[in-house]
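Below are two complexes that have subunit A in common, paired first with subunit B and then with subunit C.
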Partner chain A sequence: MAIPEAGAPPRLEWRVARVVAVRDETPRARTLVLEVPQWPGHRAGQHVDVRLVAEDGYQAQRSYSIASPPEDGTVALTVERLDDGEVSPYLVGELRPGDGLEVRGPIGGYFVWHVAVGGPLLLVAGGSGIVPLMAMLRHHALADTSVRAAVPVRVLYSARTPEDVIYQAELERLAAPPLLEVVLTFTRAAPPGWTGYHRRIDRAMLEAVSWPPSAAPHAFVCGPTPLVESVATLLLELGHAASRVWTERFGPTG
Partner chain B sequence: MQTEDLRLDGNAAGGVLREVFAHEMTAAVATCAGCGTMGPLGALLEYGHRMGVVLRCPECDTPVLRIVLTAGLFRLDLSGLQLLTIPASVSSS
Partner chain C sequence: MAHEPFIARGFRRRSPETAEAHRLPPGQYETKDFPVLSAGPTPRTPLSSWDFTIRDVDGRSARWSWDAFQALPRDTPTVDIHCVTKWSKFGTKWEGVSVDTLLAAAASEGVASGPFLLASCDGGYTTNLSLADVTGGKAWVVFGHDGAALPPEHGGPARLLVPHLYFWKSAKWVRGLEFLRSDRPGFWEQLGYHGRGDPWREQRYHGDP
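Up next is the complex of A and B:
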């Protein structure tokens, strides 16, 4: 399969990235756009490790998914703040353009997708689990029209409330049914007048949003562990092959 | 907080796996010595702890791969691993 050889340098070394821009996505989530020296390129779905070192030498390390597409030379991380976290409050609240940040990557060869792999593509996200799926969506949007037309995409995105929806404006802009459909469900508060889903992702919702197993969609599921495991189990129950379901669990580590 | 909230998967161990194996490993396929289930390391269940990482079989909970970093040494317990198949190139995944 002709997939570019990007995203796996022989050695994994810590490098000091430069923050070139920050962008608030929600009241709790911020995108950091990084320039990483000697960045070898990445694949949609990969992540980087971020390391913070305190003056006394104490280190804290976290993994954050890359939101920018492979076509982009910069590395965009979207980080959600966990108030009692050690790392995320600093990344979301303190980092400014011009600051340095130690990163290593890109990392990951399993939870990755390239448009040449084809589709249909089913993306199921819970909360900040949308981040690596956004890299896939952006990658898809940048493909040649003829290539893109052969790969329909459906996104099912579960968020607690409307203000927790990351990339909302961009998702609305990218949506172009039937080629690209975006379906939201809210698990706590829905917007006034909302007629869409207002519950956790369940079997009926997945069956309605996804393609049938006979269409053999590539399903990527990312979010909190309980959501990922529930969705993956439901997809198998609906008849999707395990080899067509890719999962990535996000933890509450802050 | 429930235990399942602390359980991640092998994707999160990609960095330390690269340190140990000098290779992208999350797409490498492991065969569990406990039940024979085959699957990518990225899909194993990860239980991180201060000293290292444990990757368990999602089917039978056997610890397939244990990595402990101590005194400047990586110590690997591979007793739960029957076979490990590593793609020679990332493009083949």
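Up next is the complex of A and C:
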């Protein structure tokens, strides 16, 4: 694997961000739009650390992917609530506009994409794994038309049920085949009358959705570990180069 | 931190305080799962072409095939591990060869020691370690986990195990150690992560204390 940009980054300080808006994306997922003082900017695909400190001094930290593109002045995090979690129920259920939230970042310099890197771009997501890929899609959408036209994008997004699809309306709005195709697959329940995929991502689905290896797409895969392991392995079996497959695996973080 | 942390309005501990809390470094939480984190696809190296090499600054090296490596004296450490992404897992069980054993065997073949090492892996991953952090019974090259062969997604056939540092230092798919005269940042260390990564000092990122 190649290292994109070396060099000593600045020290990451904790900053108290201000929640400027919250937006429910699904019954379980909420976007928090943050104003972060002296935010140094980020690249699409990076994440931040969030720290919560209780009155009694108890602390909890988690990492969350950034959903907003580098072009935004704000930092948007989309958090999925885990009922037995400690941080996500607070972020999804308690936090409201005007509240402060400690963050530091941006973090992660490998699972990143910039339109100048080029394409084609293959984005494969499972569940809330769509979040860092959304930053890439939004970044792509903000590029000049001529730049965008040179970088076709295909999104393959696996969700359990229709109500688990994060950013559904925006994905529908961004879709503009053949330049930008969005393909959904449902692993549990599909919507009534659904004629698309209704199973876990498999080799046939990847082969149908992706470009052939000869097109050398940049593939970014994010989601739960079993999905990422399976998709990354299948991409290699289909003939894609390991150096063209970027992965971010996460279990749900409470 | 130099200043008072910001109190999150209405945030309270939800997890019960356990007797094991002292095993958690700052900012970590305990998980019973074994999450997987890697930057790219999982490499799969056949054992017939696997080897492990220790090289000194002058290029002298000691090399083991898989079978030769298996014949080395083994340890079965049980350790707590701490990932920089915040999860910690207690009491993980491993089987492998102590780095002390490997370095002693390499020295007997004329490989000269040095103050720093760079671990290199299938897939191109590297990570840097000081000699002090991998000697004195603190580091292993392990090929067994929980009584079975180490699965590829967890770093098999063999990975480094340096449990007193954040787990990115326990490089998966490790194939060799190279002595260095001076410290040289590895893969994540060049991408903003801390050069040493002591979880008890919360050395997550570049510039942390």
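The rule is simple: the second predicted complex is superposed on the first by the 245 of 254 C-alpha atoms of A that agree within 3 Å, B and C clash if a C-alpha of one lies under 4 Å from a C-alpha of the other, contacts with A are read in each partner's own complex, and residues count from 1 in each chain.
To be clear about the criterion, a contact is a pair of C-beta atoms (placed from the backbone, for glycine too) under 8 Å apart; a residue touches a chain by one contact, two chains touch by 3 or more.
Everything numeric here is computed off the predicted structure, so don't read it as measured data.
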| item | value |
| --- | --- |
| Combined model on subunit A where subunit B meets subunit C, clash or fit | clash |
| Partner chain in contact with A:Ala150 - subunit B first, subunit C second, else both or neither | neither |
| Subunit B versus subunit C as contact partner of A:Glu86, first or second or both or neither | second |
| Partner chain in contact with A:Glu94 - subunit B first, subunit C second, else both or neither | second |
| Touching partner for A:Ser63 - first (subunit B), second (subunit C), both, neither | both |
| Touching partner for A:Thr225 - first (subunit B), second (subunit C), both, neither | both |
| Touching partner for A:Ala204 - first (subunit B), second (subunit C), both, neither | neither |
| Partner, of subunit C and subunit B, that touches more residues belonging to subunit A | C |
| Candidates 8-16, 62-70, 98-106 or 116-124 of subunit C: the single one with C-alpha clashes against subunit B | 116-124 |
| Common interface residues of subunit A - those touching subunit B in one complex and subunit C in the other | 1, 3, 7-8, 10-12, 49, 61, 63, 104, 107-111, 225, 229, 246-247, 249-251 |
| Subunit B - residues contacting subunit A, complex | 1-2, 4-12, 14-15, 18-19, 22, 24-28, 40-43, 46, 87, 89-93 |
| Contact set on subunit C toward subunit A in their complex | 1, 5-15, 26-29, 31, 33, 35-43, 85-87, 123-125, 153, 187-188, 190-192, 204-208 |
| Subunit A - residues contacting subunit B, complex | 1, 3-5, 7-8, 10-12, 43, 47, 49, 61, 63, 104-105, 107-112, 224-226, 229, 246-252 |
| Touch list for subunit A against partner subunit C, complex | 1-3, 6-12, 14, 16, 49, 51-56, 58-63, 85-86, 89-90, 94, 99-102, 104, 107-111, 225, 229, 232-233, 235-236, 242-243, 245-247, 249-251, 253-254 |
